[in-house]
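Two complexes follow with chain A in common, the first pairing it with chain B and the second with chain C.
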Partner chain A sequence: MRVQPVVTLLLVLGAAIVLLPFFWMISVSLKPADEIFTPHVDLLPSRLEWSNYARAFTEVPLARFLLNGVIVCAGILVLQILFTVPCAFALAQRRFPGRTLVFGMVLAGLLVPFHVTAIPIFLALARLKLLNGYAALILPFAASVFGMFLFRQFFARLPADLIDAARVDGLSWTAIVWRIAFPLALPAATAFAIFSITAHWNDLFWPLIATSDPAIATPPRGILYFRDQEAGDDVGPLMAAAVVVTAPLVIGFLLAQGAFVRSIATGGLRA
Partner chain B sequence: MIELRNVRRRFGRADVLHGISLTIAEGSFTSLLGPSGCGKSTTLRIMAGLDRPSAGQVLMGGRDVSELTPAERNVAMVFQSYALYPHLTVRQNIALPLAMRHMTRLERLPLLSGLMPSARRKRADIARRVEDVARMLGITDLLERKPGQLSGGQQQRAAVGRALVRDPALFLLDEPLSNLDAALRVQMREELTALHRRTGRSFVYVTHDQAEAMSMSDRVVVMMGGRIVQQGAPRTLYDEPASIEVARFIGSHRINLIEVRIENGRLVGPFAHLGVSGSGLPARAVLGLRPEHLRPARGGPVAARLEKAEYLGAETLLHLRLPDGARLRAVAPGSYVPPPEGDGVELEVAPGQAHLFESEGGQRLRVALQRAA
Partner chain C sequence: MRPGRRIREALTDLWLVGPGVAAMLALIFVPVALVAVLSFTDYQFGARSFRWVGLENYHRLFTDPIGRKAVTNTLLYVAIVIPFSMTLALLVALGLHRLAQTMPRLSGILQAAYFLPVAATLVAMAIAWQMLLHPSIGPVNAVLKQLGLPAPDWLSDRGLVLYTLAAIGIWQSVGYNMVLFLAGLAAIPRHLYEAAAVDGATRGWERFWTVTWPMLGPTTLFVAVITATNAFRVFETVATLTRGGPAFASDTLVYALYREGFVYFKAGYASAITMVFFVVMMVLTLAQFALIERRVHYR
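And then the complex of A and B:
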């Protein structure tokens, strides 16, 4: 009977541990420069130093980084959906020789971390003279085995009658994929979009390798430019920039929280 | 209209259809009737073009259509699960086949179509036809709803609407009523036959319910184990079942099947009043008697003992036992007052309503039964 308060306490403790870095980040982003490095810990700033935010946008082209982030994430997501959905549909609903083998390869692909293929992809992009551009940031992620797996599991549960009805109604296989299957897979697509956007918005590894031009730097890559300058002075604006970069994902998630949880529970990962 | 010539279908190693040859007449209402797994749905899917025969031909209007898609054959289909598109409204569901048929890829693009005069004209045309069909089926109020918000019967109507809207040459219906409750099923039966009369198109109706097949169709094709075992008008199937299997399947009361011996042109035992004439009579046979043809009649030639009487209002179902221990069911009118259970009942049966089948193989014996002298 006394379990409930204990569980609540543990959850609160867990939440506090997870939230502490965020809290610290926001706190530092609002501290005056002389309060950041002190021998004792002050959780709250003595006065709010909003100029850190202004300097974050002026010392480096932060707005440009954010725009780059949007372009790269949108480009990746559009291409991923474009390639992944028809492929997943074929794997789930069409019978062709080697289907099991192809699906097996997709599953195997899930086990390979991106870092293993990073160097071959880097070399290929170098040969194609595509490095240091949006193409270098987008193309390597155009096909997602995770997306194929996610959508395949969803499409496999579509009623056969529905597909037959669409064929009788004169829909081509392409039309069935985009007019019938994809709209019905919207819960799975939402979950997939959140995973994809979070992963690529936050990705530092690949932009660091594939690009050096600040004009196409993504947000996490851009934050590094603070470090390159005289480090000590700029921690305030650095943290302000970190807040600005993190905010869209946090706000987006809070807004879509209900839909996200629902999609995972009903359509997405519960295969 | 549509003709199957020696159509076979195998899935892996299993033969599902063993050479189906069948002609559906123009404007007819044909039922494919059989127990589940008899191949009736596969036959329908082959007619639709959703499945291809492993061997044999499918012809429509005398032309081989084996390579044509369902849309090119201009067939419409209603599914047991209705198979409405859950993300579209009823209006969009009904309009989709027309849009796919009459509009070009370019005209179907959501943004561009507003700018193209041809697309706007076609859209208006489609909207009008959707309205017409909705009015005909009485679902005008439901057009803006999604399938999830409809009852079973309303979904059924929407599915029929989607089939009806493009004026197909052939309607294929795959157990469309089996998900409805009993009262609605009877009502939809009437609506479907009315629809058939109004459109004048050929209907092919798959069902495992003999009452549906008998009441709606002008021709019934009975299938069992991937073969056609008998086809004909409902009356023919009832009056002259070609085999024990068909006799057992047709009729709302299960037929009585009694092993009998034949000696000197007459049956031995409780049915000795029935004489058999014909050449090459076997010594043993199975006598088929429908319960509704066994009537209690004082002084009747068949004597049995009443085990149980079930009063159903319009009729009373009598469970009887013959002197040799065989069970027998008979149907009496509701006004009949049965004797106490355990007492004797005398029954009468008209020779013309009795059937004789081979005891091996179960085929109908082509012999005449008459009252023995």
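And then the complex of A and C:
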């Protein structure tokens, strides 16, 4: 008996089930309102109602949410790289007193999920009057122990000769970190960037806590504002907004599948 | 070394390491210490003072019906997600691993499909699920009604809601676990199957039990711990779909932490919830480290 065709069929069926929410989200986002609210449910729209997308952008500041997402993700990534790369480099390539202690801090930090630090960080931001601004969304993520771990591993493999040669050429350590080591660590940086951007574009926990002003809502926070304010008659535009919010990462994933899978799979290391 | 040079070197180290260490202290270690201290107080956000209450917050979490509900719900959620997500992921990985030999393109496309929920924005996808499961305009219940089956209120039925959230959690995590299993499968040396065939294990099941399953052992354990770690922090779907309701039937630890801390501003009690969550996560992550370490030696 041939089992392969049966297995293949089951795999395709399973994939179809996994894709069902994506399919339904896109289908509803293109349906005219009267086709959404009918007792009998059609899988596909009879005609494409593109105005749902236009309404998604006018009924809530969706473009603003997207821009906020870009600002927050970019801000976090830049800060994380500025703080982690030099430290990771020193951990891998220099001998200094307290090196074991600092590396121990990195490992211990991996044990701490962000949720654990939320209350004191919220208190501190409130004291500093920084809540409800980009700073509140960006600053708490500046220290990425996962990034330190990842970059340290990569920098440890750089040949010592390379760094000695750069020293002989008169380069400062700062220049060695940013002009020699960091460009060589681009594969690690890419993996880290994908991991960081995915985590923060999708995060709801912290934006829900740190902001109450829709003007600085990140995409997931913004789409919740939309869902909560519409009274159930704007399902088409709501689904259109969901498509728009999901699209950047999904398209990125489809374009760079391998890099994405590797990055997210190594991300499992972090707590 | 000359003293001048030594000072220069020390300054270089400080310049490179200092900002990172300061950030780790300010954003991780000091907050952890503070949250541990706060968990023994009745502090409320905005209050001028607080009282030491000893273990009262912890006592409340485990004896108060609502607190206990959050703990048991989280455990039940994790207990459902782990076996289902892992079994499905293993089956999919085994199937795709084999399919890759005959139809690599199709295998690749299916792999992308299964992985898609991992990359997608969970809040947006949760709203898509809400529409899919909608009692009056959702296709799931429309099909059930057509088949003459009961059409339940997936997200507002007290007895059902946690299972619905768990199903979404499984949907979201299968692709991730599949990737880990595929990596495990790719690492099994071919000659083991050949040796097994010589010993008479030629049928699919025999090959699986004599070679694949024992060789996947470390991966399986690792996947179990990772799935548990991720399931324990379930928050996005709860916050989007149920807010812990109805009647706390889908309340979980992280959602309770959020609600008590940032909706009711009970920082002390929320800190105790945080600490319980922290201890569980710490144990799971340490297990993860130990397994990674062992896997390295294993190869």
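What we mean here is this: the second predicted complex is superposed on the first by the 229 of 271 C-alpha atoms of A that agree within 3 Å, B and C clash if a C-alpha of one lies under 4 Å from a C-alpha of the other, contacts with A are read in each partner's own complex, and residues count from 1 in each chain.
In this text, contacts are C-beta pairs under 8 Å (C-beta built on N, C-alpha and C of every residue); 3 or more make two chains touch, one makes a residue touch a chain.
All values derive from a computational prediction rather than experimental measurement.
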Touched partner set for A:205, first chain B, second chain C, both or neither: second
First (chain B), second (chain C), both or neither touched by A:255: neither
More chain A residues in contact [chain B versus chain C]: C
Chain B versus chain C as contact partner of A:78, first or second or both or neither: neither
Touching partner for A:12 - first (chain B), second (chain C), both, neither: second
Touching partner for A:63 - first (chain B), second (chain C), both, neither: neither
First, second, both or neither for A:48, with chain B first and chain C second: neither
Partner chain in contact with A:161 - chain B first, chain C second, else both or neither: first
Chain B and chain C contact sites that coincide on chain A, given as residue numbers: none
Of all residues in chain A, those that touch chain B in their complex: 159, 161-162, 164-171, 175, 179-180, 183-184, 186
In the complex, chain A residues that touch chain C: 3-4, 7-8, 10-12, 14-15, 18-22, 24-25, 28, 36-41, 43, 82-84, 86-91, 94, 96, 102, 105-113, 115-123, 126, 140-143, 145, 148, 173-174, 177, 198, 201-202, 204-205, 208-209, 219-220, 223-224, 227, 235, 238-239, 241-243, 245-246, 249-250, 252-254, 257, 260-261, 264-265, 268-269, 271
Chain C - residues contacting chain A, complex: 9-10, 12-13, 15-17, 19-21, 23-24, 26-32, 34-35, 38, 45, 88, 92, 95-96, 98-99, 102-103, 106, 108, 110, 112-125, 127-129, 131-132, 136-139, 142-143, 171, 174-176, 179-180, 183, 204, 226, 229, 233, 235-236, 239-240, 254, 257-258, 261-262, 267, 270-271, 274, 277-278, 281-282, 285-286, 288-289, 292
Footprint of chain A on chain B - complex, ascending: 45, 48, 50, 69-71, 75-77, 79-81, 83-87, 96-97, 100-101, 162
